[in-house]
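For reference, the structure I am asking about is given below.
Which chain is which? They are A, B, C and D, in the order written, and residues in each are numbered from 1.
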Amino acid sequence: MTLQKDLATLTDLAVEAKDMAVERTGGEISGVSVEEKQVENAEITRIEVLNQQAAQKIGKPQGSYITIESDSLRTTNRQVHEQLSGVVAEQMNSLINYSRLATSPTESPVILVIGLGNWNTTPDALGPRVVHHLLVTRHIYGSADPQAKQGLRSVCALAPGVLGLTGIETAEIIKGVVDRVKPDLIIAVDALAAQESNRLASTIQISNTGIYPGSGLGKKRIGITQQDMGVPVIAMGIPTVINSVHIVNDTMKQIQNNQDLPPQSRNVLQQTNQEELIQQVLQPFMGDLIVAPKGIDQLIRDTSRVVSGGINIALHPDIKTENVSMYLQ
Amino acid sequence: MTLQKDLATLTDLAVEAKDMAVERTGGEISGVSVEEKQVENAEITRIEVLNQQAAQKIGKPQGSYITIESDSLRTTNRQVHEQLSGVVAEQMNSLINYSRLATSPTESPVILVIGLGNWNTTPDALGPRVVHHLLVTRHIYGSADPQAKQGLRSVCALAPGVLGLTGIETAEIIKGVVDRVKPDLIIAVDALAAQESNRLASTIQISNTGIYPGSGLGKKRIGITQQDMGVPVIAMGIPTVINSVHIVNDTMKQIQNNQDLPPQSRNVLQQTNQEELIQQVLQPFMGDLIVAPKGIDQLIRDTSRVVSGGINIALHPDIKTENVSMYLQ
Amino acid sequence: MTLQKDLATLTDLAVEAKDMAVERTGGEISGVSVEEKQVENAEITRIEVLNQQAAQKIGKPQGSYITIESDSLRTTNRQVHEQLSGVVAEQMNSLINYSRLATSPTESPVILVIGLGNWNTTPDALGPRVVHHLLVTRHIYGSADPQAKQGLRSVCALAPGVLGLTGIETAEIIKGVVDRVKPDLIIAVDALAAQESNRLASTIQISNTGIYPGSGLGKKRIGITQQDMGVPVIAMGIPTVINSVHIVNDTMKQIQNNQDLPPQSRNVLQQTNQEELIQQVLQPFMGDLIVAPKGIDQLIRDTSRVVSGGINIALHPDIKTENVSMYLQ
Amino acid sequence: MTLQKDLATLTDLAVEAKDMAVERTGGEISGVSVEEKQVENAEITRIEVLNQQAAQKIGKPQGSYITIESDSLRTTNRQVHEQLSGVVAEQMNSLINYSRLATSPTESPVILVIGLGNWNTTPDALGPRVVHHLLVTRHIYGSADPQAKQGLRSVCALAPGVLGLTGIETAEIIKGVVDRVKPDLIIAVDALAAQESNRLASTIQISNTGIYPGSGLGKKRIGITQQDMGVPVIAMGIPTVINSVHIVNDTMKQIQNNQDLPPQSRNVLQQTNQEELIQQVLQPFMGDLIVAPKGIDQLIRDTSRVVSGGINIALHPDIKTENVSMYLQ
């Protein structure tokens, strides 16, 4: 059943990949620690993938993954969303060691925020929208007035577009800019794919493992990772779509779990050729059939502001949760 | 199995509703005639629903439904798309009797094109986009210069928005405008929902039965129909989404059709509570989970030009297939 | 000097029209009362045009014109903008007598907000943007739950587009909708043209005199006025452009005022053919050359939220200045 | 009169800068050659700035400047626009020596197209729009199929945004990408500022001198020039705005030229403090007051397609003038 493993690659969420691995192997996964806690309006899960073996088992690189889950993300309510921006900022900062970033204590570290994805495709526009709302300051750092930069770190941002529009691997563009700007930290924001529909627009994932944008050309690609970029990378994302393959697969699993079925038929079902089944249901688009909520435009509008707000609060000491809306462009 | 019938209401395509009725009843449906023919780059199906009984059986009002199917709609190729605009125009005009429309032979009939749907939601933006590309002429008909209107009919257009944004039933807005403008014909364009993914962005439906925009408030609603508007209505649309409920349902049907299953298990499967199954897979969004191709933005951009082109050629005698692109705004 | 009078028609602001009339006639204008006051962050001027003679002199219909001037409108600062929404609401409500609107004291009056202008042209998009942000409620008034509508009046909204895109006079569309929806009050929002650049994006005008959208076809047109619509009309707008003709004219006036010029040359200048001068500078676009600030996109984004907020606070008793941002879509 | 010289910097067009220099100095400018010819639908001017002295006199760097002028650019007519794309391609290619670009005769040179300017500000969106329409191919050059790239050169593209949104000098971003992608040629497209309104949206300038995007931070900046980028740079642009300062200035010049004025008053006028005059007319926006035609959105839509088409024809041998529309995205 190699498809099961392929399906795991169709989720960008470590929390789902971990659950799928548990289901496959039928038990705990050594080398993976999970910690959960409840805060106002949100549930936070922190998964640590502690070694390479664990990473291979769940199909996600070694590192820390924080998941903030909140149904309130789906409801337009600025006050709750401001508070969630505060939660995002706090969780982000738990993965960043600012004192190590800057080369000298008197110098502000330079932070480069990357908005991955495509402006013109709503469910993929989270990254560019976040960049659009950010408080960008690096260009005022060169100016004479020390007051203008007081309480603000040096932040710059880029929405590099997608391979199909630029003809250039996104990570290549970023690596080029990183070599010029020499940031001390990269924050990469992207729309994610989930496996389960109840995660859509209700989950924010923050990790320190980097991210590989889009799909490659077969040849060895570079990623937006500390290894390839030379500086720490924080990746943030919100699932905005699920692949329709999951809907077919989940339906099949539900049917297999029907307790009224005679055992021999369950064997038959387990031997079903999943790929053929998926092909019958989803052709001609197959994996290119994307499932999103009806109100995706409003959801992207709202969640991009929560993430921008979170980044603004985390990076700029003078921006507080209670006044974060004032700084959103 | 009332859900089966509900599923039928989730497709806007008469050709699919007819197929589903055939499958349910297991044979021909009296009162429904079907005619198919092949033209360059497209296959045309004309379904006539001849009486009320037939209308109830397939769940679509009495009238004529033309389906133009072409995989070329999905590929950006202006030359083929111009030719398809010509096909659309020809099929449209087979449903319009211009000589009956105008009150006098020397007077141009006034045609009102309605672009239903929501500008800000890509898969729902077909109607407003079509209106945006149209050659609108009614306002130059009042002017002195008879040359300006030579070879052009009097066309006006409106994209009224959606209930959630206006607070007004869309058909109410249109009825109000119709009472003032007094058109001789209404053409209503909308994005449609299909049952099968292979219809997405590859099918154009044209009918003379009108259309009911969006979902109502429970109270008796008015439609964009000849009965409610007082003038003939041509409805045109292209399926841009399928409801994810269909994916669950199609998967179940494929599994039930597995010939290797022992007969008794097939009985169990047939007794499966479909609604519960759908709920397990699709909560919390349920019917609000919409499936669309990855490249929906480009598909909407291309198909809206094909439809606008078709309407321009059909309505304005001076616009020919070979020069239609020149007149698209 | 008929051009001077034509120039007066190129401003939509009563406060400028009044100043130009004072300058032309060299003194007070009888039948026009002016009252000024200062509030936090804004200066408010209320002009009453008391009779037809006064109306003709200043080229604006008889009625009340409130101008809210605030440089803070031009600076993105949500807290100040919320406070300005409160000022807008208060001034709006000084022109509305709600108790007279509703047919019965237990019934909510129905209010129709019209967003005039063109979505796709930034400086003309104020009206459609305001409509986009509004809290629209009329469609939930039909539902059973009395709680849902508690503290909210029945508001609906329409962005009818512009003549060039629809082929229908905008006021005709609105009159049609008014005849169906039967509102008790119309609020029409539009981008305005000013004479002086320092008014751009810093002035909000509110009047009870209605508005004539766009330019006509020569034949007698209907307006969005109480006379033509049959219900009271509040018109609101913000100047977003000046006509470049004003720049030519202002330059000429400044030169004429040069005290160093010998008297005889001033006579020569006063006899200058203004139209020829304008033609020499502005051809081939002439009056179609529009002057707007560089940051017009951000200005429209900000000011449309201030106006939407003001309308939301004015119309819905449960929306207060301190929570208005929560209700902006 | 230093302002006169400053005004020269407010035009991006060499043809205007040359005319202003001729007017200032009252005669031919040595080191500048001008050649004019007429083609179908357009007039072509080629200015060669032959040495540093000439460059300083007209305020434009040494190199070749081609101006294509056509009023037809302002009228939506796809056939004429396709033909103009052909003219653009021919003129572009007169500045490119392909055989020198590629490192080997069997290898395709890699061409990087840069779309300068801001997506979200209509008059500044020319560059990003051109990039959006381009046929980008570099990413398919890595694939196995030699047929896919037959007749196409390797083209990639980037719309880097503007300093205010990214916090990074645009030329820095490009230099970083150039260092990674190692293109053999850069084509940089930008919206330009003109001095005279009759140039707006009717002129295409192509030069081999590079371009300096936006305004700098005071410190020494890098440009998109052969010197800074290390590869040849073709700059292309269309004037979409004029600075309102020109309107004030042109008005003043017209008045000064009035033959009826007594000579002594002309002296007074010539001593007028221009800056003060400009301040009186244009405060508080001053140089940030931008003049654009009413229909700028449609003009940008049309002209961006003409330029994209021109680049597609010039770069890809298999794209011909007669089928260029087919390849516009």
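Going forward, contacts are C-beta pairs under 8 Å (C-beta built on N, C-alpha and C of every residue); 3 or more make two chains touch, one makes a residue touch a chain.
Going by UniProt, the chains are A, B, C, D = Germination protease.
These numbers were taken from a predicted model, which means no experiment stands behind them.
Q: Do the two copies chain A and chain B share over half of their interface residue numbers, or under half; same or different?
A: same
Q: Does B-C or C-D have the larger number of C-beta pairs in contact?
A: Result: the pair with more contacts is C-D.
Q: How far is the middle of chain B from the middle of chain D, if each middle is the mean of its Cα atoms, in Å?
A: 44
Q: I'd like to verify one number: the distance from the centre of chain C to the centre of chain D, where each centre is the average of its C-alpha atoms, in whole angstrom.
A: 37
Q: Please work out the Cα centroid separation of chain B and chain C, and write it as a whole number of Å.
A: It comes to 39 Å between the two C-alpha centres.
Q: Send over the residues of chain D in touch with two or more other chains.
A: 120
Q: Considering the complex alone, what residue numbers of chain C touch chain B?
A: That would be residues 119, 131-132, 136-139, 142-143, 154-161, 163-169, 172-173, 175-181, 217-219 of chain C.
Q: Could you list, by residue number, the parts of chain D that touch chain C in their complex?
A: Those residues of chain D that touch chain C are 120-122, 197-198, 200, 244, 247-248, 250-252, 254-255, 258, 260-262, 264-265, 268-269, 271-272, 277, 280-285, 288-297.
Q: Would you pull the chain C residues touching chain A in the complex into a rising list?
A: It is residues 76-79, 298, 323, 325-326, 329 of chain C that touch chain A.
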